[in-house]
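In order of appearance the chains are A, B, C and D, and numbering begins at 1 in each one.
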């Protein structure tokens, strides 16, 4: 038999002004199973809480209903008070007499009647409440960071500096990401490499960081605090321990005309290569697709010239298995290539280039050593046109979003061009200038006012080649859509920032969600920007949406703090409001029939298959099992299950059914 | 159907399967399910136009399943049921072999269930004209008329659960009606409980029912309960696209599209 | 099989030579052509700017008549007519209500079963596959293939060729022995209906087209639309005024150029009807 | 006779509509007192059987409300719920249940005023429809004896 205590709060006059609290308490005292009922001025005050505690002790209460404000306000307070008095905190429920009753209705009988109803509903519910215990899961205090761009580097360093182990994997031969390709950075124009490379070196030397370059995630299992990751270390055809990074092999390799990824195809590299001089690690890999030995079976020159015999042609990919407690995903972004734009020539004009290609032209370490020369004939362009929003904000192209970084880098490009080609003329076609950010607007104004970049508000309809010039047809919408034709020597398209290749596959491996543009989805757009819906997996940088460097870095540090918070505990505790699949005695084992339709309904991939086997290991039955580490307690599976085999603690079938009955049945 | 008997015999003789599920001559010129376990009994197998019972209902039954690998004489509705069951992990290639019977009454043996799926997908699930007319008729009634229609129709139902027993999709060991903490659906025969039972049944079958009419055929009172599932089939088509059972695809009601359309949520 | 033929107004009037050349080429390859009986205006420009239902009912009637006549496939050489008919078919296919309205208005059945071919599709389907050995007088000239607007746009509906840089005419001309040039004005506006009301605008717009063709060494401009043809050919005076020079590059329908390559008599192709003398 | 006071049961999710109703309170916006709110973790948890139960037990109207699409605390619980509602509502309609008595809505934690409005309009429309007698009559029918034999 239940012994329930009802505690009606006046909340000063907030409740009592319209609800007759004494009457509510009196009516409640007559309900079946109510052993104690009282009203009090301030239930959340110390004396109020003491009232509850002493009632629990003296009357031996088995359940408590506090009729006061919203449970979203004080549920934790009263549950804690109950726990202190030795009652399981989950035996305490709150009836919302303030926000849902006294504040929204006029004084009168109907309001008091509603208040008593609300109390009754909860009294009946509490009868079916069960003692619940917080869920505890251990934590493996190692983080896996995927992606070695600036976001991944920052996250790795921050986590490593809190004293925890980090495994950083990068799919390319070197860390550095897109930032290493940039010439100067806005709004300060400091050299990208100069600020990035010290961080890269720090990663390589940090005692807490294990760096795997040329490596990708193969699979991930487990849940927060307890992930198991398989990492594929692609073969570099090299014994890294022996290699000294002398670079002799790269100079002797006969296959030299492979478009360099680092230089965005504007320069070449050999088949055995280090992507760029400051690469970390500064050791080469063999590109097996282009290497003569792998394609034709002959050559092995690198092997012959290597002074330490470090080349390993027969090296195979290696699978490394690691256990980690959290992941930071920092796989970055990509940009649309020029061939995506039929109106600008399907990529057939060599002097129509992307923003990243311009970065390489402007970079001192680039193929032109920092001189702005056009790809077709190496001439210095006298007239250059920049097109903002190439693809971005264009629903017809399937990219309705703003790529965010282009307005700023275009201003930077135009500025760099004006600094390098004093006699040159530069034009920027834009839709809007979005320069929100510290010193950003000032930077754009500087480009326009100090460096004389011509900003034209309008779109470009077509680019074609004529007599060695690129004819840019556009309109100036500030001059009444006046048609404008510019004979340019070079055109730079600020092509849309898009999700990286393979983003979907990675998301599926990680069981995280992604948006329609394949960018990874954050758990909440405002309040959980670095979390994903899978507990323990965090996001950093442009894999979530186009981001500039400062944002990527802050996000990375944010994600690192989330990881550090997680790692500050030896065990995680979670609210026990989770789904549970019932278990029964053999031979049924569970009423679950194993249709597993709940698996696709679960937003958190928290439902797994559990195989019940007999002593001989033979499969008797497969049933659903909720992983308490992953379940967030939404209950979507509960309403879905045909056999009612899943129930959610705190909102069980019996509790909710009883609430409906209690509400409509007058006592 | 000599080739069916021959094949059944072979399968049993070689122990490729332990039981062949098919039809045999019953009483009163009716056919009934037959479970052949010995090769010599295969001669009792028949197949003709009277064989409309959905045999797929047996492949999830413990008594049959425990015999070992099964082979089943499967008409189009049976094959559809089997594909839906496969998508719900109730049958698989290791425990079931399909001896398909095409709508032209030709025997085809499928190597695996995905072949069955390919075969099944050649045919759209279509509601027959008579029932379509009935659905339209009910849709055109006023709400009060519909209420009366169904309360009257369902009133004689005494919850014998023959519909459930005949349905291959109702394979749950514990049905919601058997659940008693709380008692979702009252046990005695009562209009409201009957309505709740049939609404629940239709919802549970939404996106799973392959429209074989086994429930209706089994009902001793000939209550047109299949109209409920037919209406759901139509609605699925309108709202989420045509339903076809599929082994790999996600279940229609356990997935969603962010742009699912409705016109009633304020 | 008999191929239906919808000429539209231009091919019966100002562009008779287009019709003549289409029929001449078809005849040369024994393609049976049957004109749709009692056809009406496709509703180009006027109707579709004023009244949506009317603009769909007009082409729908043509398609209904074709169905009634038992035609499975029709060729529509005029790009504007092609556009109207195709758009109508598309709109009616996705809106059953609209379809019902239009059927009622026309009093004719419409099922949407007739497939509509533009001239390039027709040539690619019935002529070019059988071209082997038939080119007796290769059209050995540098040509600028001009597609105009309606042949390739809107892509979502027509699903024909690449809308910004179409290739189909170039590929076809290559087979006649011509050398198509790479140029920038393939799909730029010729001035279209402004031909009558604002001839000077046509002079400017078409002028740029002719100028680019000339600058890149074209000896002929190839078109597949009567509107394009009249602007580039008939309005040559206005064009020359705009350019400030006399440019005499002839403008040929693709069927005329093909006809020449096949050795068909110039008169049968209607070449004498052009304003700019066809010297190629 | 006193004016008919409809009994309305509201099934709401904890994160949006429950919080939205809290905001109605904090903003002191008044609304009709006929509604009783039942708190669920998510609209995904709301079992359609509970809605039928509410009518069984004498409710005259029902409100079902949760987070707007894309705003679900659990990302997709409301999307799943929406699919079910589409089918459930249609089936109710087909079986003659008065779907005007079930109001579905999205009310976010910021829409205190919208919550008051939803309650008020629902109460007004149910008041106009009157008590759900159709259902109540059937509910009060006696249990039938079934003779087996």
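By our rule, contacts are C-beta pairs under 8 Å (C-beta built on N, C-alpha and C of every residue); 3 or more make two chains touch, one makes a residue touch a chain.
Here the structure is a predicted model, which is why all the values come from computation and not from measurement.
Participant: Weigh A-B against A-D on C-beta contact pairs and write down the one with more.
Facilitator: A-D
Participant: Measuring from the mean C-alpha position of subunit C to the mean C-alpha position of subunit D, what distance in angstrom results?
Facilitator: Centres of subunit C and subunit D (C-alpha means) sit 61 Å apart.
Participant: Could you state the distance in Å from the CA-based centre of subunit A to that of subunit B?
Facilitator: 43
Participant: Using CA atom averages as chain centres, what separation in Å is found between subunit A and subunit D?
Facilitator: 35
Participant: Suppose each chain is reduced to the average of its Cα coordinates; what separation in Å results between subunit A and subunit C?
Facilitator: A distance of 53 Å separates the two centres.
Participant: Name the residues of subunit C that each touch 2 or more other chains.
Facilitator: none
Participant: Two-or-more-chain contact residues of subunit A, please, as numbers and ranges.
Facilitator: 601, 640, 653, 657
Participant: Could you check subunit D for residues that touch two or more other chains and list them?
Facilitator: In subunit D, residues 48, 53, 76, 80, 84 touch at least two other chains, as defined above.
Participant: Run through the chains and report each pair that touches.
Facilitator: A-B, A-C, A-D, B-D
Participant: Which of the residues in subunit B end up touching subunit A in this complex?
Facilitator: 88-90, 171-176, 179, 181-182, 184, 204, 250-251, 253-255
Participant: Flag every residue of subunit A that touches subunit D in the complex, lowest number first.
Facilitator: 70-73, 96, 98-101, 103-106, 110-111, 113-114, 117-118, 121, 513, 521, 523-524, 533, 577, 601, 603-604, 632-636, 638-640, 648, 650-651, 653, 656-657, 659-661, 663-665
Participant: Would you tell me which residues of subunit C are touching subunit A in their complex?
Facilitator: 162-165, 183-184, 188, 212, 215
Participant: For the complex, give me every residue of subunit A touching subunit B.
Facilitator: 588, 591, 593-601, 622, 640, 642-645, 653-654, 657-658
Participant: Considering only the defined contacts, which subunit A positions touch subunit C in the complex?
Facilitator: For this pair, the touching residues of subunit A are 342-343, 345-346, 462, 464-467, 471.
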